[in-house]
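Pasting the structures here.
Shared between the two complexes below is subunit A, which pairs with subunit B and subunit C, respectively.
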Partner chain A sequence: MNTVKLYIRSMGMLLKSHLQYPLSFFMQTIAQLIMEGGEMLAVILIVNRFRQLKDWTGGNLFFFFGIMSVSFYITEFFGRGITGDFPSMVRTGRLDTFLVRPRGVLTQVLCGGIDPRRITCIAVGVAALVIGSRMSEVVWTPLKVLCFAESIAMSCLLILGLFMIEAIFCIHSVKSVELVNALTYGGRSACQYPIDIYPKPLRMLFTIIAPFALTLHVPAAWIMGKNLYGWPSWTAFVTPLSGVLVFGIMTVLFKQGIRFYRSTGS
Partner chain B sequence: MRAYLTVFRMRMHMELQYRGAMIGGILCQMFFGIVLTALYRALYAGHPQAIPIEHVVTYVWLQQACFRMLVSSDPDLLDKIRSGNISYDMCRPVNMYWFYYMRIMAQKLMGSIMRGVPMIVVAALLPKGWGIAWPHSFAGFCAACFSLVPGLLCMCALENITMGFTMRTLDPRGIQSMLNLLMVTFSGNLLPLTLFPDSWQKVITFLPYAQLLDAPIRLYTGEYAVSEALRIIPVQLGWCFALTFLGMWLWKSNKKRMIVQGG
Partner chain C sequence: MSYIEVNGLKKTFTVRKKREKGKLLREKQTVEALKGVSFSVEKGDLVGYIGPNGAGKSTTVKILSGILTPDGGEAKVGGKVPWLDRKEYVKHIGVVFGQRSQLWWDVPIIDSFSLLKDIYRIPKTDYDNRLKELSDALQLEELMRTPLRLLSLGQRMRAELCGSLLHRPELLFLDEPTIGLDAVSKLALRDFLKWENREYGTTVMLTTHDMEDIAALCSRVMVLGHGKKLFDGKLPDLLEKFDTVRTVSVRYDSDVLRIDMPENVKCEHKGEEYILTYSPAEFPTSRLLKALQDAGNIREMTLQPENIDHLIASMYKEMDL
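Showing the complex of A and B:
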């Protein structure tokens, strides 16, 4: 519990420090809004021109887009230490100071960064979710809300886990490995559309290796009253748990990786 | 003149050094290309459009191949603006605007040749409907290559305008990401311009962003007939001049209000 308290306190402090430069913060937040708005514009234009994608209606597509951007940007908001700052921590040797403190390295890395500019991206995602659920005529029940919350939480863990792959590579090679971006940012771009439109290799990739399909698409499809893979509806509650699995594996690997960490010097 | 050519050559050589980053970049861009191709193919399966799918797929691949041309900026210049070291550049016996123009041009050109050519080769080997199609005609191909030149010049001018704004705000993240977004959206990287609503297309094809890659690609796929090149290239050149003048004016006025802090 102590760790959670520590995390919340550091979040508060970091938030304050970001707000020290209000104008710059405001500008960047607006820039983020426009950026994510542009992504949504692409979906709107696609829906406008094509009406539907396989069996998915326009509303379904907005919902998929929304659930993806909400989970992705919540992760970037709170996990900035891993998703953004880590390579520079290794390069500059800042990670060294973490090793001598009486807390886990991962905890400290996560406590070390926050990206509140992403709030506008999350807002765009929420707007897409509202539009999507209206258009798909979703009837929200407590069970669906629970499933939705689980899906978001597990996807956040999954995305964090995927970013940790980059961090683990980074410990070994010092330089950040851009190729992993194909899984993280590529996963976001690909899986903001339902998985079943992709050919088999891509489907396998996003179901087994980076299981966005399990954490996002299966529950989202169930919420909208559709069925993705023809699986029974209880799977909507079970498959998202793969997110915590990926995160767990990556945490273990991360701890292993830290053992091999060699400082770049100061 | 020789000084600028030397800068250009040196920068080309430097860009050649980053071969590891190149391979990573190619694989990443290939991945995005395949994902987008799959998406458009699925969209077309349910709702065919007037523009054939082969054109859209070709459009996607050419955009991905030239991604580096679209969004890449000079990291040294950004550093100099932030640290104030740009004041040293005022001492150089060259025009600052053209000095950095040549640098960014070399970076964009070399970066996209290194990534784009292997990508186009691989994309050409993919099965029909997934890979890049042959150009509509040989004349169209020539016209496309030719119109890439003013396209590239426009891109460098746009980049320098962004830098001009950065010199004022010092923080590149706000204004730069906004201008980059406009670029990514209206140049057809996010969604091919050919798939924008038809009524929008009348306007956006005249915007400077459409001159960069959209116009050459449309000449390549035959969306624009070869004879239309005579209409398009003057528009491109017009934007080139306008953007360059705007950039030069911006840099000049920035120079006037620059304060060197000493130290």
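Showing the complex of A and C:
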């Protein structure tokens, strides 16, 4: 439990650091709102123009968009150490200071970054979820709430896991990370829409390699009373676990990677 | 067995060269940072570790503090191998990097210390006592509520030291701790390190380019160059080997056309002043004085004090570093 306490205390301190520059913080938060609002506008336009995308209604589209936004930006909010700051931690040698402390490196990396500006993005996501769930006439049962929570948590772990690929490359001092961005940011952009509108190669990519379809689309479809791949309904509780699997694999690789770490400067 | 035992330590880095024209892949180059370094340090020693830039000093410190894994050789500190079981090992060491901070940039330093208490799992009463003691010794009382970024370099270094000693490490590594500090801060830092070493028997290993640090603090000095250990012993012994040259500056009443000097005396003419560099072993001082007097009426003359930096520079030169 001590690690959780450490994480919470670190978060408090980082929040304090961010608020040292209130104007900049405020402006950037607004900028985030405009950016994510724009993304949502795209969905609104599609819904207005087409009413339906394959078998998905407008409400369904909002729900998919919302669940992706909330998961992605919660991860960026709390996992900034991995999703944004890690390359600079390596470059500036901050990672060295983590290595001389008696705590796990990954723990310290996660304790070392927070991005509270994402709060507005999360808010947009929540709004989309509320609209989506109303329009899709979702009847919330305890089981559905559980499935929903699991889906968000597992998607967060999946996204964190995918960003860790970049971190692992970074430890080996390989700079080109565009390919990894295709999975993380590309995954977010693509998978905020239902997966079955895409051709097979893309579906395979986001089901097997970066399994957003398993952590997000399968449970979300079940919550809205539809069936994505024609799988039985209990799969809505099982497939999201792929998120923790990806995270687990990446954690092991990350720890291996740290052994090859070669540090910088004097 | 000594407290620190290092035997044949080796580390090689692979550096990518810039891509040459017409070649698809960049060539790799290996740089041997350490080519088999061995030494031992007793508990409670204050050891200086010097050498020109790129000699392998920081690499040694990084290996001994568990940041890097060596490619060959052995190292044990207090019976433990630093790079195995890192988490257990680093509980007992403290590290200060002169050029990077371990504290949080934007928050008051007291908040950083309090988070370090959680990171190292220091019991509350221990923490309170130790913080009081360190803040008295380092005069941090007044600065506790100030964010790190608003501190001067000297104040920041004091805060870094406090942060790295809160958990009472047995061994303290200092990587260029006095870099960029003013004279007063340097003196205060040295006094503090002596105090900590005397009071708690903390073993200190410091790398520096400032020879005054070594002269003031270290009972022992190791010289590293090109990844090899070149000298290990007391500072006076090191200096004796290279302290062979004297410098004299002379002013004359009137312009002097030339001074007759043999070739092994270097003679420079700067404004009104003549600066002569010679080795008493090769050219006796009395003969030098005679030659100077023969040249004209001496108005004033200074024997320049030995400059420790010059000595080290000539030592590096002699050792071909």
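Keep this in mind: the second predicted complex is superposed on the first by the 263 of 266 C-alpha atoms of A that agree within 3 Å, B and C clash if a C-alpha of one lies under 4 Å from a C-alpha of the other, contacts with A are read in each partner's own complex, and residues count from 1 in each chain.
Following the convention adopted for this analysis, contacts are C-beta pairs under 8 Å (C-beta built on N, C-alpha and C of every residue); 3 or more make two chains touch, one makes a residue touch a chain.
Since the structure is predicted, the reported quantities are computational estimates derived from the model, not experimental observations.
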item	value
Fit or clash - subunit C, subunit B, common subunit A	fit
First (subunit B), second (subunit C), both or neither touched by A:Thr92	second
Which superposed partner A:Leu41 touches (first subunit B, second subunit C, both, neither)	first
Which partner reaches more residues of subunit A (counting touched residues only), subunit B or subunit C	B
Subunit B versus subunit C as contact partner of A:Gly186, first or second or both or neither	first
Touching partner for A:Val244 - first (subunit B), second (subunit C), both, neither	neither
Partner chain in contact with A:Ser17 - subunit B first, subunit C second, else both or neither	second
Which superposed partner A:Gln52 touches (first subunit B, second subunit C, both, neither)	first
Shortest CA-CA distance between subunit B and subunit C [superposed frame, angstrom]	11
Shared contact residues on subunit A - subunit B and subunit C	none
Residues of subunit B touching subunit A in the complex	21, 24-25, 27-28, 31-32, 34-35, 38-39, 42-43, 45-47, 49, 169, 171, 173-175, 177-178, 181, 184-185, 190-191, 195-197
Residue numbers on subunit A that touch subunit C, as the complex places them	2, 5-6, 9-10, 13, 16-17, 20, 92-94, 96-97, 99-104, 108, 259, 261-263, 265-266
Subunit B partner contacts - residues on subunit A that touch it in the complex	24, 27-28, 30-32, 34-35, 38-39, 41-42, 45-46, 48-54, 177-179, 181-182, 186, 189-190, 193, 197-199, 202
Subunit A contact footprint on subunit C (complex, rising order)	13, 53, 57-58, 62, 65-69, 86-88, 90-91, 93, 95, 97, 99-102, 104-107, 111, 115, 118-121, 147, 175-176
